[in-house]
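Listed below are the structures to be examined.
The following pair of complexes shares a single chain, chain A, combined with chain B in the former and chain C in the latter.
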Partner chain A sequence: MAELLADLDRQFPGIRHRMIDEQGSVRPHMRIFVNGKQSFDLDEAVTSSDVVQIIQALSGG
Partner chain B sequence: MVTAAKKVLLQVATRKGAWLFHGDVARRKWRVDGPHYLGHIIHHLMLDPRDGKTMLAAASTGHLGPTLFRSVDRGRKWQEVKRPPAFAKVPEGEQGRVVNHTFWLTPGNASQSGVWYAGTSPHGLFRSDDSGDSWESLPGLNDDPQYREWMGGPQDGTPDGPKLHSIIVDPRDANHLYIGMSSGGVHESRDGGRSWTPLIDGLEVVEMFDASKVWFHDPHCVRISPANPDRLYQQNHCGIYRLDRPSNRWRRIGRKMPKSVGDVGFPVVVHPRDADTAWVFPMDGSSVWPRISVAGKPAAYVTRNGGKTWQRQDTGLPKAQAWWTVKRQAMTNDARDPVGLYLGTTGGELWMSSNEGSRWSCIARHLPEIYAVEAALV
Partner chain C sequence: MVIQEIGVAEVAARLQRGESPVLLDVRDPDEHAAGCMAGALLLPRPLVARRISRLVPDKDTPVVVYCAVGIRSAMSAMTLIGMGYTQVWSMRGGFDEWQRSGHDWIVPSLDGGAMPLSAEQAMRYSRQLRLAEIGVAGQAKLRTARVLCIGAGGLGSPASLYLAAAGIGTLGIVDDDSVELSNLQRQIVHATARIGMPKVDSAAEALAALNPEVCVNRIRMRLTAENALAILADYDVIIDGSDNFTTRYLVNDAALRLKKPVVHAAIQSFEGQLTVFAAEGAPCYRCAFPEPPPAEFAPSCQDAGVLGVLPGVLGVLQATEAIKLILGIGETLMGRLLSYDALSMRFTELSLRRDLKCPACGTGPGKKRSPQVGASQ
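Let's turn to the complex of A and B:
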């Protein structure tokens, strides 16, 4: 997962920091799903056939 | 030096985006330019006075992490910076801190092209040497064990989170800095931020708390006099104060305010050429701290003698039922003669006075809640 996010950041510089904080945790209101299952572990292994979805909550007011 | 002919550019940071207001020379007509970054929370927006072109916007967007945006053409085009302020990653097993948002931006000394300082929530101080594109944590404050103890933890601070604010760079000495921390006091550095000393002598704290403890001190806004950098004014949770260096003791000048109004508020503004003149915007600090104008009747107050006496300035402002206030960064001035004053309200209105507060007029309505207003001569 960490490599996936690093690759995303290579394509869109700065995007990783908007989703993952400086201590390596998924930010509040952000969620990562691997094949439909919620994941907070950046060390989780993902394969080329896995579907990864990154969702943000539209909260605030 | 009085600059009479330049136009004023207002930089307005709001809960839902950034707006620029371009004034004509008479300061009567204002062209609105915005929104920029609609929907993003813009905490502070600041034009670099050293080049008149670089502008930084401290932003966060409800669900996304914090960032800064930068323009190098005075707000026409914007780009996200490469590396916004962020605390250092700590070793596995330790509790590291995370920047929730950048709250305050201050350009460095006139002699330091490209240097900026940023204050964050939770408390953190950062410095950029490349005009805001990347930022370094200042460990002399952020990692000092005593200051970490004073800063507290996630359960401390204001309802919106603790703030490091009022970053002041002495115009005479680039290494001489002041900062304010909500629930953390005022502090001074004479070595560019490598080491810090509390500057809380003479400040009061909420009844029954111990004034010797730094974390009980809640400065709201500290400003330096451009005319006399040895003089500072402070709007504190517990009153209005003045400090005259080399003394280290603040004097509560707010006790001269009318008792029915009190001396609680957020912003303080200092005249660019007269160290004895300053403005405040009182707020209701009674009972549950509703954070609105006293009795729904907004007014600025001015002192022209360093706080010995204060005069009410409300001509043109609503006479009643105006339940808003002005946040600590949302009142400012230009350097024209007479001085122009500008304030943005929590109700989304932008007001100005072109005669040092004698009369106020509304420039814009129906903006989102205004977090900060800055004025630059361009």
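Let's turn to the complex of A and C:
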């Protein structure tokens, strides 16, 4: 997962900082899901067939 | 053997004249429950031979038999004539023709007692009364239900319209804004002619025009930590269609305390999220999102823009979940977050986890201090 986020940051510079804090934890307003299940562990292994979704709360109505 | 047929107009005329033939409905019970002729006796076709003598002991009693279109009634009439009944007619075209011709009909109550629905209500809700999951009993539940829409905006517009159309008895609408021109691209409960009018009044006007039977409570105020518990307490289901995080946390905390289910939806640009936070044992809003994003990462619809149809999709889904909750049917989104991307036209289901340390609903060791109702963090 950490590698995936690093790669994402290479493609979209600065995006990792929006999701991960200085201590390396997922920011509390962000949520990461692997194949629909919530993940809190950046050491979690993911494969090329896994679907990773990163979302944050929306407020619009 | 000759079966006499009678047209619906002639039956109506005889009833009008004060004649009182036995009206024998030989359809199945579910067809009868969805609507029948006033005063009809239900005797499904397979039971006619066995039970008719108990229902109609005098074989010279005039009997008009009807079914849906006139086939089962003809066969039943044949059975009755074969058993010695002397005045039997099969109603041509059946109940379908009776309804098409605009004659009065009713929805019978489950216990055969007083009518729970007027003929007009029976017609208004006829398409959902036919659903086995709703029927007369379900419609009665909808009629006694009280639903609160937080916000009469993009989400609240379609949600309140469909809830009113479905016959929800009481709809509360909380909003302190007035209708603006820029609302009308998505807030379809309002209208150009009502620009400047308080949204609760504008919505009440539209909902009354759609279904005058619905009682609309206009609550023209902003939901605050002071009034939230008192406002939510009067309702069975809460629809969160608010437009800011402060109100969303407030709705969560108040509803948790009152043990009321919240049908939550939120939108931005081309994206939407939908779930149900339903009291004990399930994740709440703070479990899903413990903190709001920093303001710069969470622009409002005003700043970020929004596809007008987007809240339509999400708001209609909110109404669907509310109706399911009221009726106790199907499987709600409790514990599941439905994420919608209008650009790729994909719905994705994400599994939400209850946080035992959640400050609002947690029960486990290490639970954070309970926030005041509505504290943003």
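One rule holds for everything that comes next: the second predicted complex is superposed on the first by the 58 of 61 C-alpha atoms of A that agree within 3 Å, B and C clash if a C-alpha of one lies under 4 Å from a C-alpha of the other, contacts with A are read in each partner's own complex, and residues count from 1 in each chain.
Methods note: a contact is a pair of C-beta atoms (placed from the backbone, for glycine too) under 8 Å apart; a residue touches a chain by one contact, two chains touch by 3 or more.
Note that the structure is a prediction, hence the values are computed from the model and not measured.
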item: Partner chain in contact with A:A57 - chain B first, chain C second, else both or neither; value: both
item: First (chain B), second (chain C), both or neither touched by A:D21; value: first
item: Touched partner set for A:R31, first chain B, second chain C, both or neither; value: second
item: Contacts of A:R10 with chain B and chain C, given as first, second, both or neither; value: neither
item: Overlap of the chain B and chain C footprints on chain A, listed as residue numbers; value: 18, 29-30, 56-60
item: Contacting residues of chain B [partner chain A, same complex]; value: 41, 62-65, 67, 80-84, 86-90, 96-99
item: Of chain C, residues touching chain A in the complex; value: 151, 153-156, 240-245, 248, 265-268, 271-273, 288-294, 297-298, 300-301, 304, 306, 311, 339, 348-353
item: In the complex with chain C, residue positions of chain A that touch it; value: 18, 28-31, 33, 36-38, 53, 55-61
item: Residue ranges of chain A in contact with chain B within the complex; value: 13-14, 17-25, 27, 29-30, 56-60
